[in-house]
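Before anything else, here is the set of structures, which you'll find just below.
Two complexes are shown next, each including chain A; its partner changes from chain B in the first to chain C in the second.
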Partner chain A sequence: MKRALDPHLIGLFPLAMMSVFFLAPLAFMVVVSFYERDPLGFYNVAFVWDNYAKFFSSFYYTVSMRSLWSSSLGAIVVVLLAFPAMYIIVDMSRRWQLFWVILLLSLMCLSEVIIGFAWLILMSESSGIPKFLGWIGLWEDPRSLSPSFGAMLIGFITLGFSLVALMFYPQMAQRDRSIEEAALTLGTPPLRVFTKVVLPNFWSAIISSVVTMFVYFLGVFVMPTMLGRPQDWNMTVIITDKAVGDANMPLGAALSVIMLVFTLIIIGGLMLASRKKGAAS
Partner chain B sequence: MSTLLKRLFVTAIATGLILPFLIVAGVSISAESNISFPPQELSARWYTELLTQRDWLIPIRNSLVIAAFAGLLAVSIALAANYVLWRLKSGFGKLVFALGVGPFMLPPIIIAMGASVFWAEMGWYGRAEATVISHGVFFVTLPLVIIARGFAALSGDVIEASRTMGATPWQTFVKVIFPLVLPYVITGYALVAIISVNEYLISYMVSGFAVETLPIRIFNNLRYGYTPVVASAAMGFALLTIGVLLVLSTITDLLKLLGASRD
Partner chain C sequence: MKIRNSITLAASLLTFSGSAALAEEITVSAWGGFFEETLRDVIYPGFTEETGITVRSIAQPADQAWLTQLTNAARAKKAPADLSLVADEVFVRGQSIGLWAELDGGAIPNTKTLLDGFTKSSEDGKLQAVGALSWYTTFVTNTNAVADAPTTWAELWTRDWDGKLGLTSNANSGLMEATALTFFGGYEIMETREGLEKVIAKIAELKPQVQLWYRDEGQFQQSLEAGELVGGLYYHDVTMLSAMDGLPVVSTFPKEGGILGDAYWIVPRDSQNVEAAEKFINYMIRPDVQAKMARNLGTAPVAKRDSMDLTDEEFASVGSTGEPIRSQTHIHLREGDWLSDKYLEMISQ
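Now for the complex of A and B:
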């Protein structure tokens, strides 16, 4: 039975699964991005640059720019909210921490479709915030708050909050508190301790979570379609629209390859920066 | 930052996260046939419709079946990868592990697009099996990281004891290692299953037109005018998700699992 448990042999199973169903599809996507569209089926084997050439037009320039804008704005806001929140939550009693962890885990698992739908209702004139504001007399002529850029951003934030918060949680709970405590005993105001001691220590964690969220928001599909206007739609919506709606898989693949290269450059840059920083300190 | 301000800030965030679902809960028990809140009259008719009508029952069945198998696949890959890393410590083991973390780093659309062209070429485009495999492979990161904590908590002396008493590696795995990492395996399985039930984009791009899952059904329903059944479906989802997590919190220490304390 010893041979049956040879670790190299067992390792072949995860290795094969990940290579065949994760790496191979990505590689094949690169191949398809050079194929020609077949109006009657999926694609014809070819080698053309047409799909990439389409990207260099004013339409895709606008789409790219607004994807970058909404993702970076969402990423910054969500980290600005989650970081101080976790700073406070890790000092709460175990009971409340468990409440938060279950809330955050539920939101992390919960479908984009459900979260988007919940906000859609909350922002509708028939049942949500506008109706309430109209009822208490603060808003004369209540109207639906979605679709709008703001609604889409709120969707992004609700979606990303649980992920960032759970990423900060272990680091925040295990941090070395000795310097903070020393500063507090010496009479430093708590807010100053937060900005001068806690924040500098977490600088690299904050940067990497902003980048992670940015990459995540680039690939969000449901929130822009449900809560945003057509002029807010990001690249992901356009890719899905081309690949599934127009059945133009080569173009969808080419746009995804461009996004993949962009993402890899960002992740690579982040890893390089953190390695340099690690070497310097 | 006084205590009051801190409390206020955290409470505001909790409200922002929970409030939308309270409204959905209200809508789902309203008797009216268009969405409105607060409900004038209470009724369970939307839940009855959800659980009796074929066009809701089929997506529910599809979602549950896909999730059950995707979880099994993800956990077996994660368990094997962790066992290899634990036995070999370096090189090959690390490579296998790194491959498993990969899907988490990329935007879901890229993975969905890749899966879509891959299954189109393989001829499985539009089949539930394709969605199962794609979910199982792409959500492997979570059980991988969680089961790694289980292996990290294994103490050397039990393994040593089992070995010196003449157990084969297989016997050691079945009788010693597996029972010790089982809580982590269950947690990983449950999380993959819940995420799979909730996932939209990959299911949509791999087999969305043929195999309607619950998120796809809800999304389509929202596009072409919706009824409060959607609200009851959303509530069913939310309750299922929270329920599974509550059960998990009783079998494992969730706070420790997420790294609240040093192990």
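Now for the complex of A and C:
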């Protein structure tokens, strides 16, 4: 009995830390979201629904739909790119595998701001890709490619690619290749092996990485402001504008709570769907 | 090693918060970047030389963000700095929740050479803020892309900018006032919400021409200097200094006027160094220091013209003689939330 208890006792420490430093601020955020905004000062302690009402009566609704769209699109694209890339990398020789893994790891060291600035320069008409295309004669009147939705999405992908790829790495490298070999020996075309054998085996990993990336991209601030147009600014940008820029903490808190609820619903839905799929197959 | 590092960090934090007891050091915050660096390197050393009080210079973020930090700090009975620069609107907001310390007017005799209106008091007549500097926001253009500088704000609308304008994403940049003055005959239209909506709709006409609605000034400046943007609204002082460095930018005062903003020195309520802060303010508003700031920072002085030794040429380079455009602070205070929502909605839809 005592043996089973010890690991639990160790677990108590992180649990306590989580409650104090994560759950308590979260609870405070929910409380503040009901406070009354004081236009001249900060906020007054009260219980009002005004901050939530604002969400449904104005363009915040549009902005949140927009952020759900851009982050889900970003998540799907980044997984679509990283999954096949990793599938190819794990079949390489040991040395090349190592090369790619180190490259991906070093990509993760770059901060969001550095990546944003790098793309800003690469997409500028005075020194980047457009200039190069103009120089070799492919683009007559080169224009800056940012700010645009595409530029922002490219920023998202650069940010998430190495993370997703490395998430797939261990499972993919250690997978049982004999199943695929059996299918191939029995005459299944390679593409069909990929869709019917490889993909189903990784289905849950794919879903969970899409969800992870979706949540990650929802909270991204630098990419939309640096590479996106105002029409691409997501809820994180607007919340920062309201809470820090206008010192409207109650509204910022209410918007955050709404985004949190949205996120939980979507994650829950996806998890449920993937579990059902897993149970069915 | 890690533990020792954090102990050192904790110790230095303690020293920082306990520096009040020493009183021979004051912490002064100013808007980060070139501005804070120049004040630290060129202006503050003179004060330390005269008084022996060392100045610890820190960078502060844009107005509202800094006010939020000051408010949070005041709740914890802390002052992040002994002195800060605030714009008019921030001063009023902070005053309404009692964020500022009371200053002793007698300890700041140099206020007599200040221009009128540059001392701010509470309702019961206690001095709370003293003018620090003024700055102009003007029509700036890249000289490689735009041969002839604009003469009126209306040219934002009438010229073809090739979709490469840069404007701030903030409703309080002065663009609304400039628009009201240029197209609606004055600021009166801003008194009602219908009027404000008309002004915003007029600004919305610019959207196809605007590539960047900036919140980060550095990004605008860099893009303008590189020619990614060809024009927009920006600070006169920084643009002048860039032009002096040989960059292809120029700042123009349109005939309706440049947008003038004022900054004040305030002392946060919980500062322990009010006396040293008063000495500092007295130094900073002295006519010769104001002239030095005009020469090095390109800001417009708050001291009376005849008290300073600035030549006509120097004076002309930091401002204009015409009537400036003034931010309608009372409207931004009254309609703040509504206005910032409407403005944000306009640019992001």
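General observations
In the analysis below, the second predicted complex is superposed on the first by the 241 of 281 C-alpha atoms of A that agree within 3 Å, B and C clash if a C-alpha of one lies under 4 Å from a C-alpha of the other, contacts with A are read in each partner's own complex, and residues count from 1 in each chain.
The rule is simple: contacts are C-beta pairs under 8 Å (C-beta built on N, C-alpha and C of every residue); 3 or more make two chains touch, one makes a residue touch a chain.
Because the structure is predicted, anything quoted here is derived from the model rather than measured.
Using the contact criterion defined above for the overlaid structures, shared-chain residue A:Ser111 touches chain B, although it does not reach chain C. Of the two partner chains placed by the overlay, only chain B lies in contact with A:Met259; chain C stays clear of it. Contacts of A:Thr158 after superposition on the shared chain: chain B is touched, whereas chain C is not. Judged by the number of chain A residues each one touches, B leads among chain B and chain C. Look at A:Thr62: by the touch rule set out above, it reaches chain C but stays clear of chain B. In the superposed pair of complexes, A:Ile267 makes contact with chain B only, with no contact to chain C. Residue contacts after overlaying the shared chain place A:Leu191 against chain B, while chain C stays out of touching range. Contacts of A:Pro230 after superposition on the shared chain: chain C is touched, whereas chain B is not. Of the two partner chains, neither chain B nor chain C is touched by A:Glu181. By the touch criterion stated above, A:Val244 is placed in contact with chain B and with chain C alike.
Residues 42, 120, 124, 126-127, 226, 243-244, 249 of chain A lie in contact with chain B in one complex and with chain C in the other.
Chain B meets chain A in the complex at residues 1, 6, 9-10, 13-14, 16-21, 23-24, 26-27, 34-38, 73, 76-78, 80-81, 83-84, 87-88, 92-93, 95-96, 99-100, 102-103, 105-118, 120-121, 125, 133-134, 137-138, 140, 168-171, 173, 191, 194-195, 197-201, 204-205, 208-209, 215, 218-219, 222, 230-231, 234, 237-238, 241-242, 245-246, 249, 254-255, 258-262. Every residue of chain C that touches chain A in the complex is listed here, in rising order: 62, 64-65, 67-68, 71, 92-93, 96-97, 169-170, 211-213, 215-216, 219, 226-228, 333, 336-337, 340-341, 344-345, 347-349. Across the complex, chain A meets chain B through its residues 1-2, 4-5, 7-8, 10-11, 13-15, 17-19, 21-26, 28-29, 32, 42, 81, 84-85, 88-90, 94, 97-98, 100-103, 105-107, 109-115, 117-122, 124, 126-128, 131, 158, 161, 166, 169-170, 173-174, 190-191, 194, 215-216, 218-222, 226, 235-236, 239-240, 243-244, 249, 252-253, 256, 259-260, 263, 267.
Remark: chain A residues 37-42, 58-59, 62-63, 120, 124-127, 144, 147, 225-226, 230-231, 233, 238, 241, 243-249 touch chain C in the complex.
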